[in-house]
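This is the structure I have questions about; it appears just below.
By written order: A, B, C, D and E. Residues from 1 in each chain.
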Amino acid sequence: QAKDIKIAHIYSRTGPLEAYGKQTQAGLLLGLEYATNGTMAVNGRKIVIIEKDDQGKPDLGKSLLAASYADDKVDLAMGPTSSGVALAMLPVAEEYKKVLLVEPAVADSITGEKWNRYIFRTGRSSSQDAISNAVTVDQPGTLVATLAQDYAFGRDGVRAFKDALKKAKVSHEEYLPPTTTDFTAGFQRIVDNLKDKPGRKVIFVIWAGANPPFAKLADLDLKKRYGIEVATGGNILPAMVPYNNFPGMEGASYYYFGFSKNPANLWLVTNHYSRFKTPPDFFTAGGFSAAMAIVSALKKTNGDTGTEKLISAMEGMSFETPKGMMTFRKEDHQAMQSMYHFRVAPGARPGAMADLHLVKEIKPNEMEVPIRNGRK
Amino acid sequence: MLQRILSNDQPRSRVLAVLLLAVFVALALTPFIVPGVKALNVAAKILVFIVLVASFDLLLGYTGIVSFAHTMFFGIGAYGVAIASTRMGPGWSSILTGLVVALALSFVLALLVGLFSLRVRAIFFSMITLAVAAAFQTLASQLSDLTGGEDGLTFKMPEILSPSWQLFEEPVLGVAIDGRFVAYYLLFVAALVLFLAMLRIVNSPFGRVLQAIRENEFRAEAIGYRVVYFRTMSSILSALFATLAGAMLAIWLRYNGPDTSLSFEIMLDVLLIVVIGGMGTIYGAAIGSGIFVVAQSYLQDLLKHGSDAASGLPWLAALLSPDRWLLWLGLLFVLSVYYFPTGIVGRLRAARSAA
Amino acid sequence: MNENILTLAGVHTHIGAYHILHGVDLQVPRGQLTLLLGRNGAGKTTTLRTIMGLWRASAGRIEFNGRDITAMATPQISQLNVAYVPENMGIFADLTVKENMLLAARWARNIGQIDEARLQWIFSLFPAVEKFWNHPAGKLSGGQKQMLAVSRAIIEPRELLIVDEPSKGLAPAIINNMIEAFAQLKASGVTILLVEQNINFAKRLGDTVAVMDNGRIVHSGSMREMAENEELQHSLLGLAI
Amino acid sequence: MLATKDLTIRFGGHVAVNSVTCAFQPGTLTAIVGPNGAGKTTYFNLISGQLKASAGQVTLDGRDLSGLSAAQRTRAGLGRAFQLTNLFPKLTVLENVRLAVQAARDGDHRRGFNLWSIWSDHKQLLERADEILETVALGDKEDELVANLPHGDQRKLEVALLMALDAQVFMFDEPTAGMNAAEAPVILNLIRKLKADASKTILLVEHKMDVVRELADRIIVLHNGTLVADGKPAEVIASPIVQEAYLGVSADRTGEREVPLPRPELRVVNGSGK
Amino acid sequence: MNFKDLDWKPLALVPLLALLVLPFIGSGATWLTLTVAGLAMGMIIFIIASGLTLVFGLMDVLNFGHGVFIALGAFVATSVLGSMGDYTGSESLLKNLLAVLPAMVVAMLVAGALGLAFERFIVRPVYGNHLKQILITMGGMIIGEELIKVIWGPLQIPLPLPQAMRGSIFVGDANIEKYRIMAVIVGLVVFAVLWLVLTRTKIGLLIRAGVQDREMVESLGYRIKVLFIGVFVVGSALAGLGGVMWGLYQQNVIPQMGAQVNVLIFIVLIIGGLGSTTGALIGALLVGLMANYTGFLVPKAALFSNIALMMAILLWRPQGVYALGK
């Protein structure tokens, strides 16, 4: 009997990101099942997942990771949900010289300046998000006003988005407190800025959290009054319900269950429907992809879990996911992956589930994702 | 001798004395008796909380001021060390600089808050501190160039406190004498000294006047104590001790962020511990922190066993799910008010005097 | 009807761990003024509070108008037509004098519904109540608060009036008024149970006297008997009246 | 010597103390009498600094105290007991007095900076507190919580605190209100003893005329905030204003009180009354 | 109250603030949009704070768990409205109202019922002790929030506005959301009812007296226990109503939504002065306006506008604009 392969999954089982974290865990289990053909073993070694709840707290995540490596003697770890937790965890992987597969925390600096060689990421980075989103609005003569939350996530997102725009111009950046509920003032500033300008005018929204501004934006009827459009990135399904206020709105998304037709995704959608009665979401796909990355790597090393073996197996490794092929870029271990340019279905009804149509799959080679960890 | 160390404030209950001794011994020997990173982390957190909670007891239990801004000072201490270590690089001088700056800032803020407390009635003051604390947390995440924003700061400590530092190649008594080990005992000594210092303060004439003010501010003034002065002094002292606790936390975690040291949740934990332990006793801080931090750290594990055992009853299993640990924490809040109105220390002491 | 409006039989009261009343037996005859005397800490206030249901009797029986009220809640007892002036006066400091009075008039929804004549009567007894009608009661002087406390108890007619040291802090002129008020009330058929330290006050009003010590009634009898018997006075009260 | 000059306070339109000028000599006990609401307690509050005067000054031995806080005035030698009991309810009797003793000490003690010599000093403070409690006959209740004391004992403690302050001026506001006639003498004896000390100035507000008559060297009368009489006890008590406004024995008194209880027999609502 | 006694200064604050910022904003249409939206937002805030004026303002119970009733109201609304798709989807305002009104009623009933249990088990042992109130109600809050997660799940749930209540009315360049008009109407009704009950009956007096000296109120023959339960239940029900309004405004609900508005509504009450309905209304309007003005003029400062406002008011009147007693 070979030794078990122990993997710690540290994520927000509770806390503000509870809903996201649970999707990841569900995806991870499905992914392992799919990748191992239901045996849950690689090379005769059984894969054991040890779940830990970081509650969204960086300090807790940090000590849980240390305890996983040291007390539980896991072979590698995966997680967490929040970027803040991830950043606090990174040095721990280095201290214990064990692999940490980041999924789905998005901050650029995870594979950027805070990166170390034990860090891999299957999740998309903010840059990938921003670049793909830029593609959807980037046309000559377009004026863009951004609307984002006033904290690191929002500001970084806008910066990356601006960097990625080649042809369109940003004429206004609006930052609102992360907990804003009354958008009147912010909207007013944007409208005052845009309304008298010529050309195509777009408000690009980067908003995380529970109170997105879409319904309120729709109430303003900006398209009819001033010819101003709205665009934004994808999100989890419940958060995209308000998108229906804008039939025809475009943007780019990390995942939407109907977009890709590869076997992994078909299996995922079918099985998710049959087990949970709902389609798989954003983070389910992420967890699924991470599982496939792990299994691919273990297969490559023939079940050897030595850290150096794993690292050399994973660097440059390509693997199947519900989103198609991903590749861990050698330099910063970021998984290069497709993103999806979507359009909200023309007949979308407010209140109903989000209904997105695929405009175009944006392939990895169509996005120039900068390497930010100084390791060229 | 022991009496002098304890500032003549004996536990006044045999059970309490035993409990205190148990906490002391357990903390002193944690690295030797409980193996593992998690246990050490829990013990270190207890040490930090003992200082933090005792400092809050000085304010709440002895002076009767309900302030929600206490974590602000805790955060200042943690950020002081974090920012200095990030900007100046790891080293003792960074820690010292950060600490001094943090103490100075806490002093000024505590002075301001303390003075404001005299203008409005107590309940308003509490609500104001609540708002101030929230504002400070927002500020900390806004000033991301300095504080690392929401993501916080990860930084390094001087060599001797880093995990990579090893005194001996081989473990001693099964324990690796490494940087973590040193850091733990640094925390332990700091906590012990600060705890005894606070015990001394509350048992000094100064502390007695604080109690008098808590009971009847008007009369305290009338017999010649300047309430403004004592209140402000108490605010400042407690803020400074909280700042030191914050620095201890930063040294241990080598990380700090708004959630870690400034969140309202910590404030609540502190409040709860003071009440569970026994307000106005200082000893309550030690007992309460020990019990609470251990419970909090292992609650999810415990619930997991519970929900596994209850898997036959779906609704019970759902309630016992580790994901609903907060539910049980909430229940703890409620029950502690029900059953420990005077805290564990108060209870034990009352049991003794009734006997 | 029973000739004692209120009877306490073997009442014990515990406050927390303390045993305060050790079997109080007390009869309050209808339509009379019964005086409860005793040194500080004898348990007079505790007895009154136990009658009002503010402390629970741990043993014994309290009857009002033949009804067992031992276990009744305070509001119910009060609704049986009992008024109470507590030792600490129980003034609502944040409310105005008027609002204090309005609350005491249980059946009045606003000031207009209070019996005007009765209000005038109170104003004439205690001019301060009228004078500071719209002031916060907390700002009144000590004696004025005491007047307000008594005024509240007599704003509506009650069958039984329980009063704990109403004369403390009052100027002699006002004490005279209060004596007169109690006399008038008594004449109108109200029964009064009074705890009082001011012997002059007590002497002019009392019909029957009960003396407490250490949580027990150690003597009860008529005022006249007490007034005539100096020996008794000395042995019970430590002084002559 | 304690003196007030044109001391005045207004609450809104109401002048509670109206331009009172008066001096109090050491070695005398001055009784302050007047109807309820005359301004006696307010006058005390102005002297001891609980209230800020609208106009006028308070001086002690020529030193103007007007700008000082209550705490500072206490330290300057003004001791004050309160009409409505005002103690530290959740502390023991002994601790209450000890705090007052400590407040009377100088320097570090009062500010509480003395962190190191707490035992020896503590003992001294406690001994002194003990002594004082004996004098007010509370010696056997040292360890009781004040909240549990009967009213009379709380009054005694109120006086004990004042004694502990070791002041130069003693202000008593109805010290025996609510006290048993058999127990009041404890307090009165204390006041008598104080009186024997020629360096102490004593002010006493009291409604019990027999007490006033016996103790006072001098009586001043306040009426509607104004000082209306000042002199030897016998003279003042005999003066018409005291007889009328205070003792209420004037001839036209009955004229004032014409309203009898309106038709009482009809008004006693029966039972739970609806 | 005759006119001379009327303390008019706080009433003037709202128009004063609005006029004061006019020159800074410049455009009349923008000012109108901001002002109307701010006032309407103030009304919504008033509705969610109205329950707390009873529970905290009058009964002096520092109920940190108040937010749970708000969240509960909103979640109940998702269930009720979710089952009435025909009505909410209709273009007819009447049909929409026929869906929203039952949602409000059910939310108020459920919140009120929970309030009854909350009063009995959480609040009753701690009347008069602020510190314990903070702790125990915080515990109640946590439990409530977790129970909501157990029942409705931790995910956010969309609560779309009924069809006819969406969109805005446009006046030239200025726009006014239709829903805000509805909020103003509901807010005025709540205000009027509260104001009448508290000034025209003895209930307000009794509660205040009961807070100061419970025993005395009982000695006067009032069953204060029942009264307190009743008021607490009404306060909770109002919070439930507030939750429906707030949820519909945000168009989605999360279990933490109550906790998120907790500090805000406490600030409103403090500005208004405890126990005063009028004060709470003024406080809410000021908060609503201030947020919009600073959000437009200096967005960075918007984060701190509430706190700055509260501090300024307290420096002017340490008891809030209208304080009863004290």
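Keep this in mind: a contact is a pair of C-beta atoms (placed from the backbone, for glycine too) under 8 Å apart; a residue touches a chain by one contact, two chains touch by 3 or more.
Please read all numbers here as calculations on a predicted model, not as lab measurements.
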### Query
What is the graph distance from subunit D to subunit E, where chains are linked when they touch?
2
#### Entry: Between B-E and A-B, the pair with more C-beta contacts
B-E
### Query
Which one of the chains is farthest from subunit B, going by Cα centres?
C
## Note on the structure
Outermost chain relative to subunit D, judged by CA means, is A
#### Entry: Length of the line joining the C-alpha centres of subunit B and subunit D, rounded to whole Å
45
### Task
Would you mind pulling out the distance in Å between where the CA atoms of subunit A average out and where those of subunit E do?
37
### Summary
In whole angstrom, the CA-centroid distance of subunit A from subunit D equals 75
### Task
Specify, in ascending order, the residues of subunit D that touch 2 or more different other chains.
none
### Query
Which subunit E residues touch at least two other chains?
149, 303, 326
### Message
Residues touching two or more other chains, restricted to subunit B: which are they?
### Response
138, 142, 324, 326
### Query
What are all the touching pairs of chains?
A-B, A-E, B-D, B-E, C-D, C-E
### Query
Which bits of subunit C are touching subunit E when the two form their complex?
52-54, 73-75, 78-79, 84, 86, 90-95, 99-100, 102-104, 106, 109, 136, 138, 152
#### Entry: subunit E residues within the subunit B interface of the complex
60, 62, 121-122, 125-126, 130-132, 134-136, 138-143, 145-147, 149-150, 263, 266-267, 270, 303-304, 306-307, 310-311, 314-315, 318-320, 326
### Task
Give every residue of subunit A touching subunit E within the complex, in rising order.
16, 18-19, 22, 150, 174-177, 179-182, 184-186, 188-189, 192, 210-211, 215-216, 218-221, 225, 238-239, 241-242, 350-351
### Task
Report the residues of subunit B in contact with subunit A in the complex, numbered from low to high.
36-38, 41, 138, 141-142, 144, 149-152, 154, 163-164, 253-255, 257, 259-260, 300, 322-326
### Summary
The residues of subunit C that touch subunit D in their complex are 15, 18, 38-41, 45, 65, 79-81, 87, 107, 115, 117-118, 120-121, 124-125, 128, 139-144, 146-147, 156-159, 165, 168-174, 176-177, 180-181, 184-185, 187-190, 197-199, 237-239
